[in-house]
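Read through the structures below before going on.
Here chain A shows up in two complexes: once beside chain B, once beside chain C.
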Partner chain A sequence: MNTIWALAKVVVLEMVRRKDFYVLFILTVLLTATAGSVNLFNDRSIVRYLKEICLLLIWASGLVIAITCTARQIPAERESRTIFPLLAKPVTRGQFLLGKFLGCWVATGLAVALFYLFFGLVSASRDHEWPVLNYLQAAWLHWMMLGIVVAFTLLGSIIFAAPSSNGTICFVSAAGILLLSRHLNKVALSLAEPLQSLLYAFYFALPHLELFDARDLVIHGAELIRWDMIALATLYAASYTAFFLFAAWLVFRRRPLN
Partner chain B sequence: MHTALPLALALAVALATGGRLLLWQQSRAHDTGSVFALLLGESRRAFASQVFLKADAYFHRGFYTSVFDLALPEGKTHLAKAAESHDHHNHTQQQHPNRDWIETFGRNFYPSEHRHIERLGEAREILPWLRLAAELDPHRVDTYTVAAYWLRERLNKVNEAEAFLREGLRANPDSYEILGELGRLYAENHRDVPRARAVFDLAIVKWLRQEASKPNPDELAYAQILGQLAALEESTGNLDRALAHFTRLKRVSPAPDTVQKRIDELKAKLGRPL
Partner chain C sequence: METTLSFEKLRVEYRSRDLGETTKVAVLGLNLRVGQGEVFGFLGPNGAGKTSTMNVLLGFVPPTSGTARIFGVDVREPIARQRIGYLPEQTYYYKFLTAEELLRFYAGIFQVPKAQTEQRIDAVLKLVELDHARKRQIKTYSKGMQQRVGLAQALINNPDLLILDEPTSGLDPIGRMKVREIIQRLKAEGKTVFFSSHELGEVETVCDRVAILHQGELKTEGRVSDLLKEHSANLEQIFLKLIGYSPQP
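Showing the complex of A and B:
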C-alpha cells in the first residue's frame, strides 16, 4: 500500500505543479462572474441560472482535468524512460497502475473540492443559503463518476498510442454517455428486433455516468438524496472502476514497455 | 467549347445570386447587432427553442420530458400555456412508468416529479432563459409575451414587462400578440384606458391584416384581444362599443354561449330587446 501511495503522491504533486487546474479554475471564476454581472430585469436575486452555468463549467473542467491528467501518465513515464527504474524497484505492474489511478483520482478530487467550494460561495452570495449536505452529496457523486473516467482513461492510455488520441476518445465517450445514455433504452424500445436487444444490452453494459449528475437537484433546491441511494451509486462506481482497472492490468501486464 | 464560357457563366450566376441574397438580407429586420448574431449567425434560432424549453424546465423545477419522451400534443410548452390561460394540466399524465432498474435508480438523481414553481418570486428564475431566448431569436414572439406575463402578474415588475414588450415590438412590429399583451398591461396595470384601447385596436387591425384571410387563422389570440377590449369598454361605461366587441367575439370564441350571456346582459343594461 505504501508503494501505491508513494506513486500516487508523485502524481498529485505533479498536478499541483502543472497549470491546467489553475487555468480552468480562473476560467470558471471569470465566466461565472461575467454571467453574474448581467442585469436581468433589474433583479439581483436571480440565482439558478448562475448555479447552472457554474456547475456546467465545473463538470466540464472536472472531465478535462481527469482525462488530461490521466492520459499522459503512462506515455510520459515511457517517453522519459522512468518507467524502467520504477518497475525494477520492484514495483509490480498492478501497483504501478493502482498508484497512477489513485494519484489521478485524488488530484481530481482535490480539484473538485475547490470547485465546489467556489460554487458554494457563489450560491451563498445570492441565495443566502448554505445547503452544505446537498453540495457534499453532489461533489461526492461527481468525484465517484470521475473515478470511472480516470480508470477508463488509464485503460485507454495503454491501448491507444498517443495521449492526445486517448484524451479525445475518452472525452467524446464520456460526454456522449452523459448526454445520451439516459435515453438509449427509449430509443431501443422503438427499434425492431434484433436491434432492440442489441441496443438494450449496450445500454445495460455502459457505465451510466449520468447517474452521478445531481446538478439539477442542487440548482432547484431539491431535498437531500437518500443516503442508501448514494451508497448504491458509490458501489456502482466502484464496480465499474474496478472493472476498468482490472482490464487495464490485464492489457498492461504482458505489454512490452519499449 | 471555349473554357472561359462556363467560367463566365458561373461568375454571372454567382454575382446574380449574391446580389439577390444581399437584397434579401437587407429586406429582413435588422437583428444582427447582438453578440449571438455575430457568433452564431442564423443557427442561433435553433438554440433559442432549446433555451425556451430550459425556461419551461425551470417552471417545472428542473423536471422536463426530453425529446425522446412524448411531446405536448398542442406543440406548446407548459410555460406558455400557463401564461395564456393559467393552465393546470394533468400532473400524472406525463409520468412514465420506469422501463428498467437503471431508470428506476436514476430517478433519485434528477428532478423526476412533475411540479411547478410554487414560492412567490420563484418565477424570476425562468427569466434569464427567456431573456437569452429573445437575444438568440428576436422574432420568436411568445418569448416576449410569456416573459411579460410572468414579470407583470407574478413579480409585479410592470415597467420591466413594458420595456421587454416594447423591445419585442421593435423586432416584430406586426405582432398582434405583443400588442395584445401590451394593451393588457396598459389596461390592467397602468389603468391607462385610452392607450390600452388604441393598442388593442391596433392589435385587431394587425390580426385582420395577417390572419383573417388564412384558412386556419389564430382565432384564440383574436378572441383574447377582443375579450380584453370588450371588458375594457364595459368597465369604462362604453356599453355600445362593448356590445359590438362581444358580438364579434361570439363568432370566434370557443365558448359562444358564455359570450351570448354577456351580450344579453349588456342589451338589458342598454334597454334593447334581447
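Showing the complex of A and C:
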C-alpha cells in the first residue's frame, strides 16, 4: 500500500503544479461568482436556473479534469521514459496502475471538493442557508462516478497510443452515457429481436453514470437520499471501477515498455 | 565469491515486424556470473544485445527461455529489485519534482524507514554534489546535474548491486571523473557494479572483469588484466578484433 500511495502522491503533486487545473478553476469561479451576483427581481426560479448552470459547469469541469489528468499519465511515463527507473524498482505493474488510479481519483476528488465548496459558499451567501448533508451526498456520488471514469480512461490510455484520442473517446463515452443511457431500455422496447436483446444487454452492461447525478439535492433542496442507497451506489461504482482496473492490468501486465 | 547476478542459457527473442521474418534473436544462450564486490563491464557494439539483457535483468522484458537471477532470486519476481540501484542511459525523472521530493518518492517505494530517509537523502545529495540545489525543480537542472540526480536516485536504497547503463554518456570530463570516483568508492564499500559502456578506456580503468557481446553471443569474458596480457593489446583493440572489425587500409 505504501508503494501505491507513494505513486499516487506524485500524481496529485503533478496536478497541483500544472496550470490547466487553475485555468478551469478560475473559469468556474468567475462564472459561478457572476451567476451568484445576479439577483433578478428576487425570482427564486432564476436563482435555481443559475445554480443548475453552475453545477453543470462543475460536472463538465470534473469530467475534463478526471479524463485529461488520467489520459496523459501512462503515455507521459512512456514518452518521458520515467517508467524505466520506476519499474526497475520493486514495483509491480499492478501497483503502478493502482497508484496512477488512486492519484488521479484523489486529485480529481480534491478539485471537485474545491468546486463544491466555492459553489456552496456563493449559494449560502444568496440563500442564507447551507444544507451541508445535501452537498456532501451530491459531492460524494459525483466523486464515485468519477472513479469509474478515471478507471476506464486508464484502461483507454493503455489501449490507445495518443492521450488526445483516448481523452476524446472517453469524454464522448462518458457524456453519451450520462445523457443517453437511461433511454436505451425504452428504445430497446421498440426494436425487433435479436436487436432488442442486444440493446438490453448493452443497457445492463453499461455503467450507469447518470445514477450518480444528485444535482437536484443542491438545486432544489430535495430530500436526502437514504444512506443505504448511497452505500449501494458506492458499491456499484466500486464494482465497475474494479472491473476496468482489472481489464487494464490484464492488458498492461505483458505489454512491452519500449 | 558469492554470486550477485547470473544468467543461465538466457535467450531473448522479439517478434519482428519485417515481412517474412517472424522473430529476431537479441540474446543467444547467454551464460554469465558476476560476483559480489566486482565492477563488471558489459560491452558490445550497438545491437549486440546489451540493452535486451539489461531489460531482462530489470524485469522490463520476460526472457524467451533461460533464467536471470539477482541474489539468487528470479528477476521476474519484483522483490529481486529490492537491493539494486539502476541508472538509465539518459536521465528521465519527474521534472516537476525537486531532487529532494524525487528521492523521498523513490525511498518510499523501497520502503526505507522514515527516520533513515532524510539521512539517506542528505548522504546521496552530498555524494553527487547536489546539496545546494536540492529544493529546485529538476526541470531547472543542467544535463550534468540531471545525470547526478539519476545517480542519487540509484543509490537512495543503499543498493548492493548497481546497474549503470552508459553512466558517463553525455557528461563533460569533470562529470565523468566524478562518476568514476563514485564507482570506485562503491567498490571500496563492497558493492557490485554492473555497467554497460562504449568508453573502453574508462572500462579498462574501472572494471575488474568484462564480457564482450556481439550479435547476441558472448564473445569473451574474463579479468581485464588477463585479457590484456593474453592479447597483448589494449581493450579497444581486443574489442574490435573480437567483433570482427578490420579497419579499411
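Please note the rule applied: the second predicted complex is superposed on the first by the 245 of 258 C-alpha atoms of A that agree within 3 Å, B and C clash if a C-alpha of one lies under 4 Å from a C-alpha of the other, contacts with A are read in each partner's own complex, and residues count from 1 in each chain.
By our rule, contacts are C-beta pairs under 8 Å (C-beta built on N, C-alpha and C of every residue); 3 or more make two chains touch, one makes a residue touch a chain.
Note that the structure is a prediction, hence the values are computed from the model and not measured.
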item	value
First (chain B), second (chain C), both or neither touched by A:199	neither
Which of chain B and chain C A:233 touches, first, second, both or neither	first
Chain C versus chain B, contacts on chain A by residue	B
Touched partner set for A:2, first chain B, second chain C, both or neither	second
Which superposed partner A:13 touches (first chain B, second chain C, both, neither)	second
Which of chain B and chain C A:212 touches, first, second, both or neither	first
Touching both chain C and chain B, counted on chain A across the two superposed complexes	none
Chain B contact footprint on chain A (complex, rising order)	38, 40-43, 45-49, 141, 182-183, 185-187, 189, 203-204, 208, 210-214, 216-217, 219-220, 222, 225-226, 229, 232-233
Complex contact set, residues of chain B against chain A	58, 61-62, 66, 68-69, 99-100, 102-103, 105-106, 108-111, 121, 124-125, 127-129, 131, 151, 155, 157, 160, 164
List of chain C residues in touch with chain A within their complex	55, 58-62, 78-82, 84, 86-88, 90, 92-97, 101, 105-106, 108-111, 150, 153-154, 163
Chain C-touching residues of chain A, taken from the complex the two chains share	2-3, 5-7, 9-10, 13-14, 17-18, 80-82, 84-92, 254, 256-258
